[in-house]
Amino acid sequence: MRVKEIRDRLHEIVFEADTPLGKLFDVVLLVLILFSILIVSLESVSSIREAYGNWFLAIEWALTFLFTLEYFLRIWLVDKPSGYIFSFFGIVDLLSVIPTYLTLFAINTTPLIVFRSLRLIRVFRIFKLWRYLGEGEQMRKALYASRAKITVFITVVLTVALIVGTLMYLIEGPQHGFTSIPRGVYWSIVTMTTVGYGDIAPSTEIGQSLAAFLMILGYGIIAVPTGIVTLEYSRASKPSTQVCKSCSKEGHDEDAKYCKYCGAML
Amino acid sequence: MRVKEIRDRLHEIVFEADTPLGKLFDVVLLVLILFSILIVSLESVSSIREAYGNWFLAIEWALTFLFTLEYFLRIWLVDKPSGYIFSFFGIVDLLSVIPTYLTLFAINTTPLIVFRSLRLIRVFRIFKLWRYLGEGEQMRKALYASRAKITVFITVVLTVALIVGTLMYLIEGPQHGFTSIPRGVYWSIVTMTTVGYGDIAPSTEIGQSLAAFLMILGYGIIAVPTGIVTLEYSRASKPSTQVCKSCSKEGHDEDAKYCKYCGAML
Amino acid sequence: MRVKEIRDRLHEIVFEADTPLGKLFDVVLLVLILFSILIVSLESVSSIREAYGNWFLAIEWALTFLFTLEYFLRIWLVDKPSGYIFSFFGIVDLLSVIPTYLTLFAINTTPLIVFRSLRLIRVFRIFKLWRYLGEGEQMRKALYASRAKITVFITVVLTVALIVGTLMYLIEGPQHGFTSIPRGVYWSIVTMTTVGYGDIAPSTEIGQSLAAFLMILGYGIIAVPTGIVTLEYSRASKPSTQVCKSCSKEGHDEDAKYCKYCGAML
Amino acid sequence: MRVKEIRDRLHEIVFEADTPLGKLFDVVLLVLILFSILIVSLESVSSIREAYGNWFLAIEWALTFLFTLEYFLRIWLVDKPSGYIFSFFGIVDLLSVIPTYLTLFAINTTPLIVFRSLRLIRVFRIFKLWRYLGEGEQMRKALYASRAKITVFITVVLTVALIVGTLMYLIEGPQHGFTSIPRGVYWSIVTMTTVGYGDIAPSTEIGQSLAAFLMILGYGIIAVPTGIVTLEYSRASKPSTQVCKSCSKEGHDEDAKYCKYCGAML
């Protein structure tokens, strides 16, 4: 009887965030995740790794132990363990603790960082905060609503990048860095998105003219996603509070007096 | 009688996309086109070409055979062959198969890739999908509606680029990479569109001041296309056609069935 | 009597663009101006200048002769010559022909290009087309209406650039390219406007962190002009056709039934 | 009695800007501050410092004397000196005069510029102008209203930067400039904000593909702040306060005197 009670209370703390303790658990967990990511990041800096290598090892194992504990706790707490284990976050949680154990079997020390980098996928936990943030939901909705537009936009960008990239490969040639068509396409995307590294840049007059044309054209094309997002955003942010009493549908304009779906007064 | 029937059915499959078989034909064709473009792209990478050259040759000829077959099939199927042959897609289809046959007469092996790159123009077939995509049509409309604004915008950009490019040529001179006025104009466009390769960059104090001025000014000017596209986009996506028969008010949403002002059926 | 008639007709052709001949004159003039700019641009390319130097000289003098003729024609045609001479376009027209004559007195051949570049200011004639383009006027209005916002925006950008530029000068120092505070400010503007040449780039960890912070902050700030222009643009493009019969004021909304200034029915 | 009168009048001049003298004081102060910043900036240019070092020293001390005078004047004028001393601008004013006095105790001459750079924080005084600028207030409001959206946006950007930065570190490795995860994250931010220095650029095929993907994805994400600012901006600039007393309709323009729907006075 008592075990069940503890289990229920722990479930509330670990899986929900309505109670103060539940919120505290989530915040502590997120801090630990961010801390473990910081450790992996710092460890990748060779000068820091050489100086504090042992510290990192100790912290790594302590964090892994805590995350493993949390993982088994979660399995124990849910009524259907398989449901959690094969859920998105279940797999993420497992994948984030495995790497450290795998290092026990690794002979060569170089790929250790590769294993440990897997820890990073735990950062997806941050998206669990999403639902508490109405703003995040709104942003997701705006992006989702404009998925068709974005697909068309990306198709246009890639088609233009393919054509211009091939043309630049033919015009500039390997001697100016355009060693192949894929490289030309890479350069086109770098130029159209206005990133412009300059690792590959046109040198001939015709190449520079085409590049200038692509920049101006590209800027026009690139302005499109901003227009899309602004539009969807302004739609998603429109008052959806009013619900028709007759047909229960949402999404009425601010100045609407009658339901646009069933004609009932609002 | 039977031939006519087959021809009619094939016409439906090849030229239309209403039937399941017609849709399948379009999708298969598009996959083959994208595959042929991938082959041309990969062939331009010298290391891949040297390793799998024969494979590319075999695939190239197989695809060319299929596309040639398709070309003659289309000519046979339409009632007025000349109408198809001289249409935009007819010319594109022809130009995309000719290159491979031309390689038979080419003695030098270097320009082969130039011929084969012509295959790329087949990518325009992708735009045939356009009409099935309401979104694409909407985007095209938005761009078309703002063509006058875009012309004015490009004129302003080019005028500013010309003036600043000349000034930079006079200020920085050939010793800092500004070897001529066209090169200065190229640099101005690279800067104003915020691409910023860095292949040419101002070195003198006055040049850097003018560049900083151009960046801020340019950013203001460059904000204009976004404004234009957003505006036209929001207009193109507004359904302003429906008018309420009862109260004559406009501005109803696309999915509205009843007037939101007076409740009458639309 | 006859001279007066010719003068009147010529005035109509040269100064107005209502008649077919007047339009033709304007177009021919613009083509000549663009051609003269092209000549100056090409002449700045040393390889072209060396090959076709004499051709350029001949064309230059021919164009200068035509523009001088046009200048005196204009003075003769207007009733108050001083009005034209001291107008903006009068000064521009004069300044664009003087350089070529000045080359007669130049001993050294190097600065010739400097004189000839003055020809470029004639490009401002293009703005005379402005008034025929309602779009250009609308764009000018949108920019003018948002001048206060743009001033505030530029002040914020410059203040942030000044602070971050100084910080980077202190953090990175001359050994990483930040040789002085003005250079740091130049780098800040290059970064904030997302141009990013890469001629100066942070090398230290703290410097790169501050740069990353500036980029994200800057992006937020930089989004402002787009917002401003979009807003003013959508305002400027609002139907201003309706004029109040009672108080003759414009600028009523599309759905307005009564004048918002005097209350009379529209 | 007389001292009190002078003190009151001076208080009006120094702390307020309603009277002509008060405005003049503010403008003179701002010009002096900008001048002192210009001096510090120019002094950082080594060639200028060596040539005019003594001049800078003299101007520096003159300005410091004036600012010190102003500081004590302000303390004397306010009724509660501690209120001013510990206010934001009180601390800024103090911190901006201290550096020069500190140079008296500095033995080494190198860090002088570090001390003097503190003078820059006085630039914040410019924000005192803010309140006279309705536009600035509007911009601040728009940014403040969208703070939640901006937080979500920055979280998404940083998460994507962290994941892609780690992937690039694993793919490209130290031999191509990606020496650590923090450096990879720095590169990701440089790429996503479309700054693109090119100091670190991907060299492998997989790296360039991932970079191209990040650019297009990033551009979509980056379009979000523009959408946010445009939206909040258009909201902040809407006068939604006025409601018609006669027909209770909202949405009147700022300059409207009569209701545009029913013609009643507002």
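Order of writing sets the chain letters: A, B, C and D. Residues in each chain are counted from 1.
Here is the rule we go by: a contact is a pair of C-beta atoms (placed from the backbone, for glycine too) under 8 Å apart; a residue touches a chain by one contact, two chains touch by 3 or more.
Chain by chain, the UniProt names read as follows: A, B, C, D = Voltage-gated potassium channel.
Just so we're clear, the structure is a prediction, and the values are computed from it rather than from any experiment.
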Chain copies touching (subunit C, subunit D) - same or different residues, decided at half shared: different
Of all other chains, the one whose Cα centre sits farthest from subunit D: B
Distance between chain centroids, defined by C-alpha means - subunit A, subunit D (Å): 30
Set of subunit C residues in contact with two or more other chains: 182, 185, 194-198, 226, 228, 230, 234
Subunit C-facing residues of subunit B, complex: 148-149, 151-153, 155-156, 159, 162-163, 166, 169-170, 174, 179-182, 185, 191, 194-198, 201, 205, 208-209, 211-212, 215-216, 218-220, 223-224, 226-228, 230-231
Subunit A residues within the subunit C interface of the complex: 194-198, 226, 230
Contacting residues of subunit B [partner subunit A, same complex]: 37, 40-42, 44-46, 113-114, 117, 120-121, 123, 126, 133, 135-136, 138-139, 142-143, 150, 154, 157, 182-183, 185-186, 189-190, 193-199, 222, 225-226, 228-230, 232-234, 237, 252-253, 255-265
